[in-house]
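There's a structure below that I have some questions on.
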Amino acid sequence: MHTSPVAILGGSGYAGIELTYLLAHHPRARIEVISSDRWVGDSLATHLGIEGKPGELVYASFEEAAERAKSCAVALLATPNEVSAQVAPKLLAAGCKVIDLSGAFRLTDDSSALAYYGKEVVGAKGDVRVGTYGLPEFFRDEVVDAKLIANPGCYPTAATLALAPLLEAGLIDRTDVIVNAVSGVTGAGRKSTEAYGFVAVDQDVRAYRVLAHQHTPEIAQVLSRRAGAEVQLTFTPHLVPIARGILSTAYGRLSVKASSADLTTALANAYAEEPFVSVVRSPNDVSLKQVVGTNRCVIGAASDASGRVVVVSAIDNLLKGAAGQAVQNLNLILGCDEVAGLTQLRRFHT
Amino acid sequence: MHTSPVAILGGSGYAGIELTYLLAHHPRARIEVISSDRWVGDSLATHLGIEGKPGELVYASFEEAAERAKSCAVALLATPNEVSAQVAPKLLAAGCKVIDLSGAFRLTDDSSALAYYGKEVVGAKGDVRVGTYGLPEFFRDEVVDAKLIANPGCYPTAATLALAPLLEAGLIDRTDVIVNAVSGVTGAGRKSTEAYGFVAVDQDVRAYRVLAHQHTPEIAQVLSRRAGAEVQLTFTPHLVPIARGILSTAYGRLSVKASSADLTTALANAYAEEPFVSVVRSPNDVSLKQVVGTNRCVIGAASDASGRVVVVSAIDNLLKGAAGQAVQNLNLILGCDEVAGLTQLRRFHT
Amino acid sequence: MHTSPVAILGGSGYAGIELTYLLAHHPRARIEVISSDRWVGDSLATHLGIEGKPGELVYASFEEAAERAKSCAVALLATPNEVSAQVAPKLLAAGCKVIDLSGAFRLTDDSSALAYYGKEVVGAKGDVRVGTYGLPEFFRDEVVDAKLIANPGCYPTAATLALAPLLEAGLIDRTDVIVNAVSGVTGAGRKSTEAYGFVAVDQDVRAYRVLAHQHTPEIAQVLSRRAGAEVQLTFTPHLVPIARGILSTAYGRLSVKASSADLTTALANAYAEEPFVSVVRSPNDVSLKQVVGTNRCVIGAASDASGRVVVVSAIDNLLKGAAGQAVQNLNLILGCDEVAGLTQLRRFHT
Amino acid sequence: MHTSPVAILGGSGYAGIELTYLLAHHPRARIEVISSDRWVGDSLATHLGIEGKPGELVYASFEEAAERAKSCAVALLATPNEVSAQVAPKLLAAGCKVIDLSGAFRLTDDSSALAYYGKEVVGAKGDVRVGTYGLPEFFRDEVVDAKLIANPGCYPTAATLALAPLLEAGLIDRTDVIVNAVSGVTGAGRKSTEAYGFVAVDQDVRAYRVLAHQHTPEIAQVLSRRAGAEVQLTFTPHLVPIARGILSTAYGRLSVKASSADLTTALANAYAEEPFVSVVRSPNDVSLKQVVGTNRCVIGAASDASGRVVVVSAIDNLLKGAAGQAVQNLNLILGCDEVAGLTQLRRFHT
């Protein structure tokens, strides 16, 4: 079968490694070139244990890979914000489509982008300001024809899949939304700091960037677009001692009378045709074990007599929250089956 | 120095073990009798490694210990709800004061007690319906003279210490309070079920008893009493793969204009004289590592321009959330220094 | 492509679940029937998240599955020793080949089998005493034609792959071999006991069944057969707080002068054609992360001037140590590519 | 009661922090000065949560602390090898006794010291070549009068306490000793490298410095001295995903006929009067949970018919393996109760 050549820039970060695993045996794409800042000259087999022909591919320097990516069908950028901001316009100019896993092209509001990502990132983007937001469950039609995909953040994926259908259906109040989420350590990327050392992280939990996390405007932007009006959001991320996974616990208020079953039905209907979203009967039935290792999102909702709504959702931050979603977007761009390369994944934790 | 004889019933559960460690070398109390359902006839030294004379004490059966407790100054009950409900009235009748770590005597509203603890527990309590709520930071004067202390739940301790001063000061709206908390596995007590097995818990996170946890009415009751009017509360507990510790992230709305510094000051003033509560500059500065192994609660608060308030607090669920608080109450009852036996504790996790 | 019908008995234990993941999308085998003692009537999709057609298969009771297995090409038994001992002879009598993952048919010496597995197991086996030992790297020719495969134990796989080539080559003394190994908690199977609870296992390490583990005679038997003379072995297993993986550290004494490079070369030559065994330059280069999630074994050896030899090897206890090896054996029995269904596995821990 | 002034140099490393906790409330010593390379000007209360008067002490720079230490009774050095090598001679010259927790003064053989610690360390020591080896169970009489204590390494403490009595009693062969040990991550000291990051360490196990660890000559030196003849040793350390604790599994061969009970008796007799060493009935009864948080060592031994001996021992690497042992030595030097400040410690992990 015909396979399209793709490039991976940033192949040795956590998301880049996941992309490599997913694309090494993809039925319709082949990794033509891959960069790494630490493994130049080594093979995929050496560092990732990838078998067969794909394992023989060798990591290139960023410069070489960025150049060779220009003749690929699609480049996947698992690079820091400022690197993505610089390289994406050049690839697009050369006719290569881009799926960017960084935050550089996600925010439509320039002042938000400046506030959360800084002048360096915003300045480096040139004329290309925003990508098509690559959450297929909401924006599939746009993704199909996109040249530049802004692949969603991990927290925004978990939170917006949980809340958007309820806002769209007018079931919950758009002026009072809270997302409280916990993430595994890979969410912070590969770090060599004591703060992410085993002794520091194990047995600890902490909130971080309270009322100031860069995913706040991203979640609000997506929810507002789906709700058709501005959504007011509070978002609090936490670090927990696990390697992978995000569990989001979202809070809202009913706008109309609705039971837990009504909420569950609304969500189930919204995702009835979605291959990667499952709606379960109760928030108590959602857990990381159900999703880590897969491209799935699991969601459960409930309400009580006081009008409070709680929606719990879970994803693998590196798959549905990053590399898996990027491959889902890639499939749409390549015009192949949206689930290609994503269905035989298995849960890591039985 | 004179030491008062105390009894521990339920000495081999997690809270009972913590009580034992705290009281084995307490300057003003001595363990006169201790029960265990699994270690009868063995010494404290054998199972807990307690050194010296106190290590020689031997576990008794519940029946024997309950009988002998009657002649002690105070009995500490680290027993299931229904056991506490039955034994506390008998001890009180014999003239022994009681500090009950279960939930049996916490709820003042009988219908809540019935709904969350069941007929068996409520029925067993006889004429004794409610204990003095043993949160010294709020109810110290009552504790000093109490005959029956209802030692607070772990989540309620973390949540109410974080929120009550802000409600009391009229800084936040009492009709819109959310507590989102995570707890280590010891919070569930000693269990022999697969659900708490290493393979099940490690690398997983889940919410449980969403909109239905028995600590919800307890938190609401304490906050309402402090606020002087009914507080409406949503509470969601989560299980995370750590052994000990609770991190509570509470959400409210400003009733008046107030900066993060205003909130921090209000909390700092409220706890200025408290030996076990520390207020830090930011919710980002709160972590389990600061409290696990100690009887301390650490709290940090912030607000934003939209009027959202976030208060993060942390405790060791087995110490300030159970046994440490019980000893603090015991000290008040015995009329000795409130911090006796609780100051040389050390953090477990550097 | 033609697929052969296979049965899985014991589908909800850890090894059974791994078998299910591996065979759900196997190119040459299809799961015809699968039993579970807890999930009867539920689908594979429900409990394991398996996608597509294979996910629709429903768990049967053991009795039903054992009956229906008789008409399958091969039955894979992930059942307790005594259950395997009883059911294997019946399946064989019905013409169904059997791959047994239990220890029931591994030991050739009846008195060892009695001592380590007990009268119940040995008595239940009927006329069928021993299976073909299913370690393809050593006994591939026998496996191809076998009717009953005794799939190796997890520790024996890790230990014998590390040591056998050195014994066969006469490089180390067969009278002085020690295997010190650590295993993750899944090695104990699904247990609902406090001893395997999170609080008990986390932060702890302990040796167990010192000088008395049932894998000792199995390791000795395999090594003796390969060495052509009796090997004297000491084996000590340890439990460590991880979910999966075995790291074996084996000690021997040089029989002849040989450098670390000589040992490495001997191992590399022995496994030059093996798809699932990798020999690395140093014992320091072996880690669980390289193998967990895959069917691979990684081995590194070194010696010093005193003649001491250290060989470190690592496997995933549930894959190369159980279900992966069983599928490798199945492939050989079915006459298809030995690596079918086993090459696109990925490491769980990057 | 009179307290002696002591200095801690290197107060913010793992061992330095443990020293601080132990000495902050010590009945006979008081911390007069403490250095830190990261916390200068901050108080012990701020970083360690130490209560009361001792919490008010402020960290000084190394230079200031080293100068002020000269007028202390004893300085405890929790500094890198090369720093200890330089500063110890100066302190001794000023009349301050020194307990050095580094490896700088442990090896009596200069060529070993050069090979394992390097020219820089050996060269910096000046005329002071070796300290008194501070393992009180073996060398108490020397410690009492020592000016410079070389506080033992963590692995050597666990291994030599397990083996020395058996070698001394002639029960095991001194030419064939293996120590296989696992250690928690704090054993590596405070590191900011990816190799000790949570994602790298969690779920992994690996051996390191196989046949080349610097504790090998130290263990051999101590065992040889106790055995009265050269002991030949192989030592393999492993890293496991826990914060603290060492479990050592040592292997020997019987020199004479001896049962497991004989070995246990020999060990029990050797340590009958020792406050910090416990001998249990079986190697299966030794676990990290029994010792982590305390200054204790737990040992269990067994033999089999083939003459193989296995001795399992456990310590907290930061307490009996470092700071706890240093305080035990300090107590001996100060002439106070050897267990002062070490008996009310509690296990961290119930």
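Descriptive notes on the structure:
In this document, chain identifiers A, B, C and D correspond to the written order of the chains, with residue numbering beginning at 1 in each.
In this section, a contact is a pair of C-beta atoms (placed from the backbone, for glycine too) under 8 Å apart; a residue touches a chain by one contact, two chains touch by 3 or more.
To keep track of the chains, here are their UniProt names: A, B, C, D = N-acetyl-gamma-glutamyl-phosphate reductase.
The structure displayed is predicted, hence computed values, not measured ones.
When the partners of subunit A are compared with those of subunit B, the chains appearing in both lists are C, D.
Using CA-based centroids throughout, the chain positioned farthest away from subunit B is C.
Note: centroid distance subunit B to subunit C, computed from Cα atoms, is 47 Å. Per-chain CA centroids place subunit C at a distance of 39 Å from subunit D.
Remark: subunit B and subunit D have CA centroids separated by 37 Å (rounded to whole angstrom). Each of the following residues of subunit B touches two or more other chains: 14, 186, 199-200, 202-203, 241, 243, 348-350. Those residues of subunit A that touch subunit B in the shared complex are 176, 178, 180, 182, 199-200, 202-211, 232, 234, 236, 238, 240-245, 247, 249, 251, 282-284, 286-289, 292, 302-304, 306, 308, 310, 312, 314, 348-350. Partner subunit D is touched in their complex by these residues of subunit A: 14, 185-186, 190-194, 196-203, 241, 243.
Residue ranges of subunit D in contact with subunit B, taken from their complex: 14, 17-18, 21, 25, 48-52, 186, 243, 290, 293-294, 296, 339, 343-344, 346-350.
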